[in-house]
Structure formats: structure tokens, C-alpha cells
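Structure record follows, encoded as C-alpha cells.
Chains here go by letter, A, B, C and D, matching the order in which they are written, and residues are numbered from 1 within each.
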Amino acid sequence: MTAVASQDLAAPSSDEPPGGNSRPAVSRTPTWRRLLRRPLAVISLAYLVLLVLAAVFADVVAPYDPADLDLDHVLSGPSAGHLLGTDPLGRDVLSRLIHGGQVSLVNGGVAALTFVMVGVATGLVAGFFGGWTDRVFTWAVDVVIAIPGLIVLLVVLTVFGGNMTVAMAALGILSAPGFARVVRGVTLGVRQELYISAAKVSGLPTRHILLRHVLPRVTGPILVQASLFFGAALLVDAGLAYLGFGVQPPTPTWGGMIIEAASVISQQPWLLVPPGITLALATLSFALLGDAIRDTSAERTGRQSGNARRRSAARRAELPRPAGAPDPAALLSVRGLTVSLPTSGGTADVVADVDLDVRPGETVGLVGESGCGKSITASALLGLLPAGGEIRTGRVQLGDVDLTTAGKSLLRSVRGSRIALISQEPVASLDPVFTAGQQVDELVRRHHGGSRQAVRARTLELLTSVRLRDPESVARRYPHELSGGMAQRVAIAMALAGEPDLLVADEPTTALDVTVQAEILRLLQSIQAERGMAVLLITHDWGVVAQVCQRAYVMYAGHVVESAPVAAMIDQPLHPYSAGLLASMPGRGRPGHHLASIPGTVPAPADWPAGCHFAPRCALATEDCAAPVPLSEPAPGRLSRCVHHDRLIEGATA
Amino acid sequence: MNGAPRHPSLTRRQFVIAGIAATGGVAVAACSSGSSSDAYGAGGTAGSSRTLRFHERTSAPTTLDPAVGFWNPLAYDVLIYRAPDGTFQPQLAESWQYVGAGNTTFELVLRPDITFTDGTPLTADAVRANIDYRKDPAVGSQSAQYVAAISEIEIVDDLTIRIHLSEPNPLLPTLFSQGMGGPGILVSPAALEDPSVLATGTHGVSRYLLVEDETVLGDHYAFAANPDYWNPDEVHWDGVVVHYLPEESAALSALQTGQLDAAWASFAITGAGRDAGLSVTGPGRPIILGLTLTDRGGVVVPALADVRVRQALNYALDRTKITTALIGESGAPVDQLATPDGAGWNSDGFYPHDVERARELLTDAGYADGFTIPVRLPNSEQHTRLTQAIADALSDINVRLELQAVPGNQWDAADAATNSAFGATYLGWGIDDPVRMAASFWLADATNNTFGSTDETLQSLQEQAMIAGEDDREDIDRQIIARVAELAWFLPVLVQGESVLYDDELVEVPWVDFLSVPTVSELRPAS
Amino acid sequence: MLQLIARRLSVSVLLILLISFLTFVLQSLAPGDVAKTILNSGSGQLGGGYTDEQYQELRRALGLDQPLLVQYWDWLSHAIRGDLGVSPVSGVDVTSAISSRLPVTVSLVVLGTVVTAALGIGLGMISAVRGGRLGRVVDVFSVIGFALPNFWLALLLVALFAVSLGMLPATGYVPIDVSPAEWARSLILPIATLSLSATASFAKQTRDSMLDTLSRDFVRMLRANGASEASIVFRHGLRNAAIPVVTLVGLLFIGLFSGAVFIESVFALPGMGRLAVQATEQHDLPVVQGVVVVLTLVVVVTNLAVDLVYGWLNPKVRVS
Amino acid sequence: MTASGLLEIQDLRVEFAGRRRHDAGVLAADGVSLRIDDAETLGLVGESGSGKSTIGNAVLGLVKPAAGRILFRGQDVTHATTRERRRLGQHIQVVFQDPYSSLNPSRTIGQTLGEQLRLVRGLDRRTTRIHVENVLRQVGMPADTMSRYPAEFSGGQRQRIAIARALVMEPDLVICDEPTSALDLSVQAQILNLLLDLQARLGLGYLFISHDIDVVRHMSHRVAVLLHGRVVEQGPAEGVTRHPDHEYTRTLVAAVPSVDVAAEAPPNGRAPHRNEQGEA
């Protein structure tokens, strides 16, 4: 076995291309800049800025003095002299609206500020320190939430002689608990983050950790909630005015103006419109802004931020060859399968030109690292591509059915009864709100029908067949009451309910401990032996492949790069990627010495080279690799997508 | 006096006051048919059963106890009825008179063969029990201060009672009529044994009986005609439902959609109601609005100590313009504390709009550059609006008003401790007999006389009035009002009334002019 | 289960004590008192119709001259026995004052919640499953619904449907036992007002929750193994998506009690909200306290109900 | 064995409170004694729930031991105060499993790496910068890494950065808590190689925690096997992993699927179906 690609590790950035062109720089843009790319956010922000500016420069902007009475022209509708008409004292409505922003916005601001300060301070402290602070917090929140807020607000206003600043601060406090819970929740989450532990280990002061590490993560929710609450506070401000708590005359406020209008609604209904609309638009803007902030900050901290816009057009041009004929002897025969998925910049092919055969009763491995398209291939087989995903070309022949052209109902009838799935996270793959038994029942009923008792009997039979020791008790349990191994057995029972010919096992043991993994693998093998069922096993673990598979396909960056009987492949891989992967297994290296490793990482679909996808990381790459490389058959029963496969053999024998 | 129990409610739901002129009380009321089919009771004309659905005002009575100020003409007959035209008419008392000169002894003769709805007969003892009930401080009756002057109650015979006073008072006919929760609103002595029943039930000599099942306290009250009432001619409806809608605009909507037959209406909906095709009569129930220039001693605002300054303020107002702009036809400008052509009214007036004159007076007083008056007022749309109009007018003579509007439930004109930090307070008062206004405003110990201002002339006029006969009072009243105006202790702006909006196919409203304070019991089916 | 209920209710007793005491203290700090309210209530004037002696005597008679704690204890010792006292202003028994108002508010709030939740969940489900344009419409309306002041909206609705079109009563309330049809008609506009603002945001939450559920592993697993689409959406999807939505229903229910204060004023409904506002204005402590106790109970019971439903829906938090 | 190794753990006991009040606590570490010398790697292997990470966290001061002692260079740091921790942070550092969670997404790499130098060591901006660039170079990252955010890097790159963060304080001991478990095979090899290089160059001691026996064997001088919070076997890496004494270790080793068996026999029928123990 050769070290295909051992590298000097100390050399700077030898392994991975600097800057990681696989992870684009989208999120370097500050949040506010990305916010400005959203038209609604811009409009909302512009409106709010306009309101604030108008309020600040009201004396300059407003056409009239807002307190200037004109008793000869009261309640006039809109006119050239008074664009929005006049109020019951003949004052200019537009000018009052402009000035009204001063008080209303300050009131909203006071409420929002209190809200944020109380909510953030308490939520942050409770979430970060936990323990008794958290218990006190939880208790206090329960109390405050149970307080009939509006009544207390009325009482507070009475106590403070209608002082709106105090009332708005009280509103902020009364509304803060819900928000504080959110902050606490986020903080609890952030506290679990390992970078917090790392900061603690380094001895960073708690204050620093809170302000620099936790707070910024809470900023998103803070901005969202503050924005929404600001809008809500404006409404409450107006509502309180409606109940008779206004600011001092002659100071105009929006709420006050609505009340004024309501008191003369029979005389001049128009007056209701300008303040109502101004207020509604302000609230609307705050809400939209909040939504936009939420969306952008989700974008920013999101972990997936691959973009594939650049190359996707070119990719389309490079159409795969016409699909070859399916293998008639195979149970499943895939030819020329090409799958595209939506990405931030359009769609990109993530699986290209895949051929794959599984014969009845055979166990076939599909091996590769993450991002190579293994799972997408499995999803495509089942017709379960994520939203926007699409099989662009190719055939998936399952017995006599071509799944790529099958209609929805045909597809549904095939699933479960001909082809079934178990997946990686056993507990997550069960519905948390139903018992294990109920979930198996459902599929048994679906595939076989029958009475309640018959269904349950069959369910217990299935649970027994997956070697669960006490099937009746397991049937009664909820997924969270099951261990990973038990959950995976239940999942297998579900998959077996329809007696499928082919089981797609998508990393079925990756999340399990080795001892449990061994049991599950044995279980799969014995079931397979009993039923003559074929298995397509998707995994990144060569050991698993070696243990249970007869043949294996190796995928790299959307391509099948090699296929061979497992033993032969492990003995002598015929593609540099398979060789590299095998060589980098710690179990095959010399302890304490460098492992052979492949430099770099699997590129994102948008960064796939036009020729051999592996060429940029390949020690054997030459100019020949720049052109698309077809699969060739260097030995009987073996396929390789490498022009240099012969050099691998030389290396091995050398 | 009388009172409409408009307790000062805080909101903009008009806490307008139903102050009511010395004449009748306002009533509430209405009867109800036995089977109301919608929120407002049955429609008015339907066949044999006629129910009146009526909106009284925006704040509901707090209690049905008539001693606490709320007189319901449907449920409580009174000894002496003060009619909408201001005259006193016999109701449960057949006659009454002062005995001797000096207004210190008053005799009432009761109508015979009257029983309360609970069957108790009406006797002189019942009247005494009612007087005693008003005296109880725990009851909190507004008439308590007037009843307090009753030193002795003499039962002459079963139907005759004599009241002896510790000091002269010419207003006992008023005290025994429907105003201010007085003892003339007779409550069954049986009920007075346990007064707690008065809050939610009616226990008088009643034209209509409260239908408790169809009543929601504080929202609407249903009444059905009392078949045993002593004077069936006065029972016009089979039922009356009295509503208190929290918003006037809601009342207007209800009138327009036929959910109500009639409603009291302020300026805010009167015009719109007329435009919508409803009939309008009024305005009545006058109330005077403006400012009380409380600081006549110049404690807070030295300038106000000078009578020329106070007069200047009065000259500076264009009352006609303000009245027209603010309330249109629902009121009239006034420059004195009286209703046009009512008791004490001086028809020549005192303060025409004359800014020049105002400036001269200010200059003479040394305040040509003006000054600032802190003003305290209740924070309700209508009152702040008027105060701002006043402020705007005064700014022409460089006088600035610094407004402090407090929530309605904190507003109290009698709260001297708080109000003494202000130069002026808001004035909203249902015009009353000048003699009684004195006790509220211009006697040294008057409840609303924040700084205890006194004036000898007013003092002596008051003394004359207290002992004067009915015929002499008219002139003395006029002198009192004139003196108050000359002193310029107030800045009255307008008298505002309310109108009745109604559907004239269903209801007939028999009066109304500015003085009148009609009661719902006078509404009758359209003929 | 019973233990949980018992524990929660016992905690809520403490809660009610605390909150009632806070309200009591706050109310007592407020300028003015119920004696003034009573004295002014019949004067027909803007205050000022009484003498100081009268005022002091009435205060004594009402026990307002007692120390605060004595007054509170007096209230509490009666309240414990289920006697919420008598309003000094109206003389009405607080329990009956509240119980005569409660049906109105409860009709409003319960129907409002049901309508909002039903419409919201329905719309949310449809837009989650169908997606696309409906989803965007729901988004837009949820924000607009949030932004409109509800009393303002109410005024507009009355102007349109009651006054201009004459289709519905503008104001007023008919008890259900008088006429169920009229009862329903009298509540249409108020409930429309309450629901308009909340329905869309409800739909949005439901949709988000539904989409989240539908993107989970187990849904893929069910699909892959042949479960029917109807079962996936209605059995698995709805049940899982309902977990956060139930919390929302609880919040909505509690929130509508506040919203009802405004709605009751605009539509002249004789409910608790108006009672509360009026009592606050009048310094009518027993009534305010009564309302506070009832509302606190509503909150406590609602939260308990939400927790129970939550546990029923979500076995992970189920308490044995 | 000298009295004062680099790190010595004596009879360590860590309990976690039960989920509910009356539940018995869970023993996450029960009488664990371990020792690491300078430039030595001690491998800690076990399945999930065996308490291997807890031991690491106890050394780091992230969980409070219920009993036992932790000695760093002979000095008891079991209950170090915040101040002592700060000093200790310059000697003991950590590399965690999840390269996504271990870097604050809202701070640049430069901020994350530099803050400890500035706040704990009190270095000025310029010195800090030089220092950070230097460390980044050591782990094979370009200098412009400093101004970038974690989201711009792949998992392997992040793990390099996380290693750089540990190294920036020039520690003597690095706790490697499953440092490659989240990485793909080819990247895992790169990181393992890097860790070996750094140890050779800087003389670091590693506490290498992993569930993967192959990785542990490859990296460690000595290995301790954990089961339910107890060390069941401890000794030289080759010996423990190739010729285990303890029953559990044997099960563990046997359970690891080996690639080399495939070459020997065809898979089907090869694996004799042992009587399986169902779980319940």
C-alpha cells in the first residue's frame, strides 16, 4: 500500500487552500449591510428615519406651528393650505403629526429601552449563571407574567398622575419577562457552545465573556424583539391615550390625535385617517424591520453558506452522456443519474452521472466523505429530494419501474413495499410524539391492513425480528425513552413493515457506539440472510464496508470514482481518492507517525473542476486530468474514473 | 340643584358633566318590555307593547341609591317636582310653604293614600327617615351639607311635617325636589332599615319597576310599567331601557341602526345625527365651562391679585368664536356664571371681546408684557380643547397658560391642597341657584374657593338672599351674579348643553329650551 | 398529574396573594380615594361638591383611615372565605358584579381565541403544505394585523359594517340565553376586530412550525417507508407542529383579556374590561382586587391547561 | 515515575445531579487516577457516557469534582479559584470536538485568538498580532485568517484554528476532546498529523480523548479505557489496544470493524452470527 499523498504538514497552508474557497465570504458582510439589500427593510427603515428626522427637525419641517389655533377653520378636510386638514381647534394636522412623533417616538423608545435592558440583563444573567439565579428568575417571570398588565398599567398611571414616561417604563418591565425568557433560552444555548468553555479555560473574565461572546449572539433576538416591541409600544401608547391617559396639551401625540379624531368621528371622520395610518405604518415598519433583522441574522450565523452561483451555468452545459441501458439482472439499476439542488446563487448539480447496480440479496456499499453526494443519491432513489432538488437526467430502474418517471402515487406505493430506508439519527428518525408501537403499527396497517389486533400482532412480530428483547414494552415507549440502538432497531422494524426488496441504509450506525454498531450490523446481516433482501449501505467507514458489503462504490464530489468487489478494492484501490482514503485510516498507519493524508477538502459543487473532480488534490494529477474523465474498466468487474489507475498498481508493487 | 351623577370619569368619554340647572334632575331611564329581543330591548312601535330605548350618557351611574346623587324619575317620585321649565310642582307633596318670615321653618303636606312599591304607606315618618338617611356621613350624600342645617323635624300629623332650620335657607323647595340626592327623593322607610338593598334595586314610589333579569348594572337598566302607580296618566310606556354607552359615537351608530329610539347627545354627535335624518331638540342640561381664576390673592401668580388683570383676561376672549368653533349650536357664549335668561342672568353682559381694552387694563396694572398662569385641568378631550382655545386667545395679550392636565379621576376642584399650587383651575359646573353657587364658589368657606377669597358685598348679598321672600330673590340673584362678574373671579366662556336625538316616528319630546333639564319620564310615544 | 395540578394551584395562591397585595399598595398610593369618588359621583359637577368634614367623615365610615395593612388584611380575610366584598362606590357585591360581567368577556375571549386559532391554524397548515403565494399573503397580513391599533380598526369596522352597510349591530351585547342568534350577531364585529390582528400571525407561526416539522428526519423516514401523505401532514405534522402552537393559544387567550378592554369600550359591551377600567378610575379597591384575582386565576389556569395539553402532546415533558 | 508529572489525577469523582430532584446522581467519574508526563500523550477511550469528556472538563475546571485531586506540576488545582484558573489557562488548553461550536461565529479569528493574550497576558495590540500570526502559521493557516469569520472556513480549517487558539497561550498540556470526531477521514489525518508535529516540536502533553480506538492507538503513548466512569484498563497503547486484559476492552476492540478482514474472506457467511443480546 502506498502513501499516495503524504505531505509536509508544517508547510503553511499546504493542506487546504487558503481562505477556504469552499466556504464563500458571504457572511463577512456586516449584518446591517445585508439588511440594506432587502427592499422591505430599506423602505421600513427609510420611513422610520423620515419620522425621526421629521420629529427632530419638526420646527423647520412643519408648515405650521402645531399649537397655532385657527377657530375659523376647524375640522376642514384636506386642502391646499392644510394638506391633511385641520383638527377641532383649526390646527394643521400635518404639522401636529410631525411634531407628534417627538413624544410618541420617545415614549416608544422609553418602553423599548426598558424592555431590552430588563429583558437582556435578567435573561443573560439567569441563562449564563443558572443555579439559584435561574430559579429566582423563573419564579419572577411566572409572577410578572401572571400580573394583569393593563390593569397594573392603569394603576401605575393613576399613581404617577398620568406620567407616560413612567407608564412606558412600566410597560417595558411588564412585557420583559417573555423576552427575558427568549434571551435566557438563547444564552443557555450559547453557554453550551464550546467557545464559551474555551474562553473560560483561557481564564477570560466573566464580564468579558458575557459582553463579548454571549451578548453578540443574543443581539439578533434583541434587535428583533426590540423592534417588534417598539411598534407594539406605540400601539399601547395610543391605546392608553384612548383610555384617557394622554400627554399634556397642547403637545401633540399620535395617540392623542387618534383620540381627538375619535371624539369628533361623527363630525369629521377623515381625522381618524392621518394619525391612524402614520401610527400603523410606523408599527408596520418596526415589525418588518424586525422580521428582516431576524432573517439576516439567521443568514449570518447559519452554518451552511455555500454559494454555487458562479459555476452553475457552466455546469449545465456539461451534460452527462445519455444514460446507458440498465442492467436487467439488477434489482436496482441506476444510469446516468444527475441531481441538482438549489443553492444561494441558483442551482447546482450535486450528483453527476452516477451509475449504480444492486442485485437481489446483495449488499452494496456507497462510500465517501461528506459532501460527496452519497445521501443525495439515496434521497433521489427514494424520490425524497429536498425542496427544489431535481433529478436532471438519468434513470432509476427498480424492477420494472423507472422511479424517475413514476408518478407520485406509484412512487408512494413503491416506497416501503419495494424500497425502504433507515437513516443516521435513530432517535430523530422516529416521531417523538408517538410510541414506537404506534409508528410501526401505522406502516403495518398501511402495507397490510387488518384489524387492530392483527396489526399489533404483526408489529410485535417485527419488533421481535429485530432482536428487541421485550418487544411489548418497547412498543409502549416513546422515542426519547429508547437508547440509540433500540431506536435504530425500531426504525429497522418500520422499514421491514412493507417487506421491501431493497433497504437503503443511510449511515445507519454512524451515531452509535462501536459495540452497538456491531450489533446493528450483525442484525442487518442476519435479516438480510433471512429475507434475501438487498441492502444499499451508505457510509464513510471503510470498516463497516469491509464487514458487510460485497461490492462498493466510492463517490467523490458527485461522481462515482471507483467500483469494485470490496476485498479487491481494499487490497488494491484503482482510484487515487480511494487509495488516499484507505491510507489515511489511523488503524492502518504506524502509531505516532504521520498518516498518509489527502491535502485540502472536498470542494463545494460550485467549485468542481471541469475535468477530474479529484485532480486538484491528487498527487498523480497531470494535464490529462483537466478533461472530463469517463469510467473505465481496468480489470474485470472493476471500474475507475482515473486516467492514471495503472500508476497506482505500479506504486503498489514498487 | 340636582344632579346628574356624572361622576368625573377620567376618560375622554366625555366626562362632561351633567350639571344641571337648578331645575330638574336628570333621569335615566326607561322601561323595558318583558321580552327584549336584542341588546337594546324591543323596538318601539311593535304593536301593543311599546318600549323606549334610550341612551342616557357615557358614564353609567355607580349606584342606584338615590341619596348618592342619582335620581331616577322612573323609579322614584319626589315630594316636589321641578319641571323642565323650572317651576315647582306638587308630586308626593300636595303643598309646601315657609312658615313665617326669615326662611327658617318649612312645612310640607303629603299626598294621602300613597304607598311605596313595597307596600309601606307614605307618612311624615317616612320623610323623617329619609332626612336622617341623608345625614349619615357613611352614605356620602351630596345633600348632607344642606340637610345638616335641619335642626329639628316636627311631625305635625301623619301627613304634615315641619322642618326647622338652624340658619335661614330659601332653597328648601329645591332641597325637597329631585336635585343632589336630597331627601325629597323618597325611599321606602322599610328599605332604609337595610340600605344596602338600595344599590342594586329601586324602593320608591315608582312609575316603573326595575327588571333585574334584563339589567346589567353599569351598562343598561330595564324597567317595566308599574300597574299600581298612583298616577297612571304619567306612565307613557310599557317599558323603558336606559343605556349608558361608553362612546357617544356608539350611541349615534345605535340610533342610526335603529338599536336606540332616543339619546342625549353632545355637540360631538348632534350635527351628525341631524345630518343622518334624526330629529333634534335642545340643547338642554346646561353646564358652564371656563376657568376659575382661583388665585385672587396673588399667591402663585401675583398679577391675578389685580382686578384689572382678571378683567383684562375676560375682555381678551372672543367667546362667540370659541363657542361656534368648538360646540356649534350646542351652546352659547356667556361672560357670567348664569344661564342666558336663567336665575341671576344680566342680559347686558359684562365683557365683550375687546383686546384693546384688555391691553389697556394690563398696561394700567403694569403687566403689559404679560405673565404666566399655571392651570390645572382634567385631561379629557373636550376640556383640554377648550382650555387650549382660551390659552390661544390669552396669548394675544401676552398671557401664557401653563397647562397641567391630570387624569380625570384625579381631578377635584375641591382639592385645595393640590390646587393651591395653581393660579387657575378648570371650571365645569351645572348652573345652580346663585345662593347655592355661593356655597360652592364665593363664600369664604366655599368648597371650590381654593384660596378662601372673600368679598364683603357678596357676603351681604348672600345674607339678604337667605332671608328674602320668593319675590325679592330675583333681583338679589342678579346683583350677586353681577358682583361676581365685576370681581372677575372667573373666566367663563360658554354654556354648553346637550340635545336629544330621536326618531320622531317613535318618540315625542315635548319641550325644550336652554334652561330645561328634561327627564326621560317626559318622553312619550309619538302620536 | 393530580399532584402537578395541586402544586401549581398552591403556587398560584401565593401568586394571587402577592399580586393582590401589590395592586392594593399601588392603588392606595394613588392620589384621590374612593371617598372622593362617592362624594363627587352625585354632584353633577366637575368635582368639588363637598366639604372637607364630609370627606373626612366618609373616610372614617369606609375605614380608609385605617393603616394599609389593616385594610388589606380586612380584604384578605374576607376574600379567603370567598367573600370579595362590596363595592363602596356602587354598593354592589363584587362577586356578583364580576359574575354578571364575566360571561361577556369570556364569550368575547373564548370565541376570539377559537376563531383566531381555527382560522390561523387552518391557514397556516394550508400555506405550509401548499406554500407559495398563500404563504406570502399570510406573511403580509400577519404584519399588517400586528400594526393596526385595534380600537382604531374597531371604529372603522363599525363605520363600515354597522353604520354604512347596516349589516350588524354597532354596539351592545345580547346574552346567549336571551337569543343565541342575536348573541352571535352582537359578537361578530368585536371578534372580527380581535381576530383580524391575531389570525395572520397565528397562521404564520403555525406554518413555520409545520414547515419545521415537515423538514425533520422522521418525516423523511415515514415518507420513505410508505406512510400516507395525509397521515404525515395531519397525524404526525399537526401533532408535532401543535406543540409550539399550543403555547401560542395560551398567550393569545391571556392577551385577548387585555385586548377586550378596548374592544368592550368601542362596542359598548358590558364586560370585565370596562368594569376594571371604571373601578380603577373610581379607586374602587374591592372591585379592582376582585378583577385582579379573577384575571390572575385565568392566567394561572390557562398556563396550567397549556402545560397539561403540552404534556399530552409532547411525551418528553409529560409528567407522571 | 517521578512524584510530579505534568498532570496527575488522583481518585477523581464527579457526580451529576439527577434530572429530577429525587433522582440519584449520575457518577460520571468514579475513582479515576491518571497521569501524564511532559510531551506524553495519554489516550482516553470509551463509549458515550463513559465519562471521558467529564474527566477532561474536570481538569479544565469546567465541572466541579466531588472528590479526588487534580495536580498540575505537583500543585493541587482541583478547586482553583478564578484567579488561579487564569494563570492555569496559560498552561492547560483545550481543543474540542465540534469545530463549528468551538469558535464564536460573530467574532473574527483574530479577535478570538487575540483576546486571551490581551486580557490575560496584557499584551498590546501589535505584539498580540505578531503572536497570533505566528501561531496561525504553525497550524498551517495563512495570515489573512485573522480578519475572517469562522463561517468562512471548512471544518478542518476551523479545527486548525481551534488548535491555534489553544497554542497561542503556549501551554504545556492540551486536552484534546474528540478533536477529529466531526471530521472526514482525509481531514482527520491532516489534523492528527498536525497534532503529532506540534507535540514533537513543542513538547506538549496531550490528554487525548476519543471513542475511536484506532485513533487513540495512533496518537497515544499510553491508553486508559473507561467504562461507566471507571478506568478498567490502563497501559502502553499497543499493549492495551492489541492485547487487552480486560473483558470490556476486548469487546470494544473486537467491535471495531476492520478493513483488513475483508481482504481475507468474502463477507457473506464470514461473520458467524453470535447470539445477539437484544437491548431492553
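Everything that follows uses one rule, which is that a contact is a pair of C-beta atoms (placed from the backbone, for glycine too) under 8 Å apart; a residue touches a chain by one contact, two chains touch by 3 or more.
None of the values given here were measured: they were computed from a predicted structure.
Q: Please identify the chain with the largest separation between its CA centroid and the CA centroid of subunit B.
A: Centre of mass proxy via C-alpha means gives D as farthest from subunit B.
Q: Using Cα averages as centroids, what's the distance between subunit A and subunit C in whole Å?
A: So the centre of subunit A lies 35 Å away from the centre of subunit C.
Q: Subunit C to subunit D: how many Å between their CA centres?
A: For subunit C versus subunit D, the centre distance works out to 54 Å.
Q: Between subunit A and subunit B, what distance separates the C-alpha centroids? Give it in angstrom.
A: Inter-chain centre distance comes to 69 Å.
Q: Can you pull out the residues of subunit D that are in contact with at least two other chains?
A: Touching at least two other chains: none.
Q: Please list all residues of subunit A that touch 2 or more other chains.
A: 158, 161, 242-243, 262, 265
Q: What parts of subunit B, by residue number, touch at least two of the other chains?
A: If we look for residues of subunit B contacting two or more partner chains, we find 10-11, 13, 247, 249, 407-410.
Q: Which pairs of chains touch each other in this structure?
A: Pairs flagged as touching, ordered by label: A-B, A-C, A-D, B-C.
Q: Can you list the residues on subunit B that touch subunit A in the complex?
A: 10-14, 247-249, 252, 268-269, 271-273, 318, 321-322, 324-326, 379-382, 384-385, 387-389, 391-392, 403-410
Q: If we count contacts the way the header does, which residues on subunit A are in touch with subunit D in the complex?
A: 9-16, 18-20, 22-28, 192-195, 197-206, 208, 212-213, 216-217, 219, 300-303, 305, 363, 369-370, 467-470, 473-474, 483, 485-486, 489, 513-519, 521-523, 525-526, 529, 540-550, 566-567, 570-571, 580-582, 584-589, 591-599, 601-602
Q: Would you mind writing out the residues of subunit D in touch with subunit A in their complex?
A: Per the stated touch rule, the residues are 47-48, 57, 60-62, 82, 85-90, 92-94, 96-98, 100-107, 112, 115-116, 119-120, 137-138, 140-142, 144-145, 148-149, 151-157, 162, 165-166, 169, 184-190, 192-194, 196-197, 201, 211-215, 217-221, 237-238, 251-252, 254-268, 271, 273-274, 276-280.
Q: Which residues, counting only subunit B, touch subunit C once they are in their complex?
A: 1-11, 13, 15, 17-20, 26, 36-40, 59-60, 62-63, 65, 68-70, 137-138, 140-142, 144-145, 180-181, 196, 198-200, 216-220, 243, 245-247, 249-251, 253-254, 256-257, 259, 378, 407-415, 418, 426-430, 440, 445, 447-448
Q: If we count contacts the way the header does, which residues on subunit C are in touch with subunit A in the complex?
A: It is residues 11-12, 15, 18-19, 22-23, 26-27, 29-32, 143-144, 146-152, 155-156, 159, 216-218, 220-229, 231, 235-236, 239-240, 243, 257-258, 261-262, 265, 276-277, 280-281, 288, 291-292, 295-296, 299-300, 303, 313-316 of subunit C that touch subunit A.
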